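Chain naming follows the written order as A, B, C, D, E and F, and within any one chain the residues start at number 1.
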Amino acid sequence: MSSTRYERGWEKLKEIDGEAGERVIANLKDIAPDLARYTIEFPFGDVYCRPGLDVKSREIATVAALTALGNAAPQLKVHINAALNVGCTRTEIVEVIIQMAVYAGFPAALNGISAAREIFRARDEKGQS
Amino acid sequence: MSSTRYERGWEKLKEIDGEAGERVIANLKDIAPDLARYTIEFPFGDVYCRPGLDVKSREIATVAALTALGNAAPQLKVHINAALNVGCTRTEIVEVIIQMAVYAGFPAALNGISAAREIFRARDEKGQS
Amino acid sequence: MSSTRYERGWEKLKEIDGEAGERVIANLKDIAPDLARYTIEFPFGDVYCRPGLDVKSREIATVAALTALGNAAPQLKVHINAALNVGCTRTEIVEVIIQMAVYAGFPAALNGISAAREIFRARDEKGQS
Amino acid sequence: MSSTRYERGWEKLKEIDGEAGERVIANLKDIAPDLARYTIEFPFGDVYCRPGLDVKSREIATVAALTALGNAAPQLKVHINAALNVGCTRTEIVEVIIQMAVYAGFPAALNGISAAREIFRARDEKGQS
Amino acid sequence: MSSTRYERGWEKLKEIDGEAGERVIANLKDIAPDLARYTIEFPFGDVYCRPGLDVKSREIATVAALTALGNAAPQLKVHINAALNVGCTRTEIVEVIIQMAVYAGFPAALNGISAAREIFRARDEKGQS
Amino acid sequence: MSSTRYERGWEKLKEIDGEAGERVIANLKDIAPDLARYTIEFPFGDVYCRPGLDVKSREIATVAALTALGNAAPQLKVHINAALNVGCTRTEIVEVIIQMAVYAGFPAALNGISAAREIFRARDEKGQS
């Protein structure tokens, strides 16, 4: 049922993205509530719940892609946070971003590191790993 | 020493990318031999040799990024092959590519699957997993 | 129900993309059947069925975006066909593509025109408008 | 005559983009006055004046392309405004942006909605539709 | 006068792009003749005729940009040819492309070298430098 | 020797990018010191030190590419500064950026001019050309 995709996706989104993800959804409620629903249902209710790839690897893939694309800073920050939430180390995230210098150029990697620094500092302030 | 980066990189490239990687290098020898050298030294001699992220995760990151960028089909194919060479399953690769529908759109994911199909078939013919 | 999204999406896909869309789905069945299902459910079962924007405008938006991105030629061709299927004129499609010279540069527009020429010729051979 | 393209383009730019467009031109006057002139002459004097596609459809195409490209936030905002100026509804603009989740990924659509929210609020303050 | 931009642009296009450029224009004549005209008038009649930057530097800028964007192979080939036509050496072109590994990643540079190889061979066959 | 690439790169980076480049490196020292080292060694120690293309042409290529990509504003600003440091005139930089309207669209060129304006003003305040 559609409600199952939504409920499953909402749980997954909270588990992975935490408060940052909930804020994204809340911000959509005023002018694009259906995009909020789709964001819960398709990425989280369908894709992140799939077997066949562990969630740590999924976040590595997402951090890599968003660093390489270089035009989605808010979402990259959400997913650096998410990667740490699901058990990636800061070192692993930095390694993924450095590797993107090879595939998308040094500016993409440098801007990825800026995003990581911001998230790492925010987590330091909250005493998070 | 510079020769060490080259030697280490050349071993790594052969281990990861196999024959497809060697062909890329051979093709550069005529008009851009120094780009061949840089390709061995920086991505493979420097980056892929780094500790802090296992090589399977590195290939997941690369397949994700190249699928999302969508403008580097030859390199995506080399790295789908490479991912299988270092122990990723076909299922894991397909999962990474499907996930890119979320971050880079359905056309990027559909074209990524086309690249995967081509590599999977070529490996079937050689009896490779 | 999930089956409703699928059924609704499948009807919509056939109505809009015609045979070309069915071939895309058929091609996914071997190695990524779930991506076939998502392609039917999310773009067609969810998005293209929405009220609030007529389907002609939806295809104009898609042709514009795929021309501008410039890295998804197969999908651009499917949607030039789709735009004609839902009532856009060839002139309207050419106008959208020319306009992309402004927003994504002349190469994007020139490559968009190449895609349009190919589709227009294929339709000429079938006696389609 | 060249002056005709300029005059025609300047009228078109004011009609479509309004004050926001005039500010873009004014800002170029100091260091790149010829780019100001080209922006008036080619996009507005040549392209937007063409018959064959109505101006509402032209703005839908532009909002779609700029949302999908994801690297031109100032111009996307100008054209969300422009789309409303020429008769698109807020709903139609939101629909175009949601649809871009399919072709360019959810981050592109989410950032497009952020741009729309900013423009809608600014127009609310001025009592504009 | 508009005809002056066209005539000036046509001469410039033939001088810089040679036969390859003329073919691009000829190919547009059937379905998008006005895009042919704009391609002559704006890039060549307006931009390439400007003082303030020599034509060799203009072609270096274009080869760099098209290599970095990575989604416009036909136009990159035209401009590698054009760069050689206006006095760039093959070495200079290869250097520009190698440098793009830094700013757009190794895949962009590798694909740029493939384009250069194709053009260099075609010129070898014609006995051109 | 590896130390030679680093030393040579560090001198080149200071010569070309000046203080802005040194700040980029300093900012990396906390969380990605090896990316700082790679940025010195590969782009500056390897690529910018190569014969075959003068450094002014190299900066023209970089400004063109970063303007066209449109997703690396901090690096574009560093390289507009760098281009001026190595002898490009402000006019030449503005010409390169205007030309990018042809290859990457007007938004890319307009945003490139915004970056140039910011750098030109900062240099005015320091009495730099």
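Please note the rule applied: a contact is a pair of C-beta atoms (placed from the backbone, for glycine too) under 8 Å apart; a residue touches a chain by one contact, two chains touch by 3 or more.
The model shown is predicted, which means the values in this text are computed figures rather than measured ones.
Asks: Identify which chain pair among A-B, C-D or C-E reproduces the interface of A-D, meaning that over half of its contact pairs, matched by residue number, are the same.
Replies: Repeat interface, by the over-half criterion: C-E.
Asks: Pick out whichever of the two, C-F or D-E, is joined by more C-beta pairs in contact.
Replies: Answer to which pair has more contacts is C-F.
Asks: Averaging only over C-alpha atoms, locate the centres of chain D and chain F and give their separation in whole Å.
Replies: Chain D and chain F have C-alpha centres separated by 30 Å.
Asks: Provide the C-alpha centroid distance between chain A and chain E, rounded to the nearest whole angstrom.
Replies: 40
Asks: Touching two or more other chains, which residues of chain F qualify?
Replies: Correct list: 34, 38, 42-43, 50, 66, 68-72, 75, 94, 98, 100-108.
Asks: Using the touch rule from the top, collect the residues of chain E that touch chain F in their complex.
Replies: So the residues of chain E in touch with chain F come to 42-43, 47-48, 50, 52-53, 57-58, 60-69, 72, 75, 91-92, 94-96, 98-104.
Asks: Can you name the residues of chain A that touch chain F in the complex?
Replies: It is residues 69-71, 90, 94, 97-98, 101, 105-111, 113-114, 116-117, 120 of chain A that touch chain F.
Asks: If you look only at chain D, which of its residues touch chain B in the complex?
Replies: Per the stated touch rule, the residues are 68, 100-108.
Asks: Using the touch rule from the top, collect the residues of chain F that touch chain B in their complex.
Replies: 1-2, 5, 34, 38, 42, 46, 50
Asks: Which of the residues in chain C come into contact with chain B in the complex?
Replies: Going through chain C, the ones touching chain B are 24, 27-28, 30-32, 34-35, 38-39, 42-43, 66, 69-72, 74-75.
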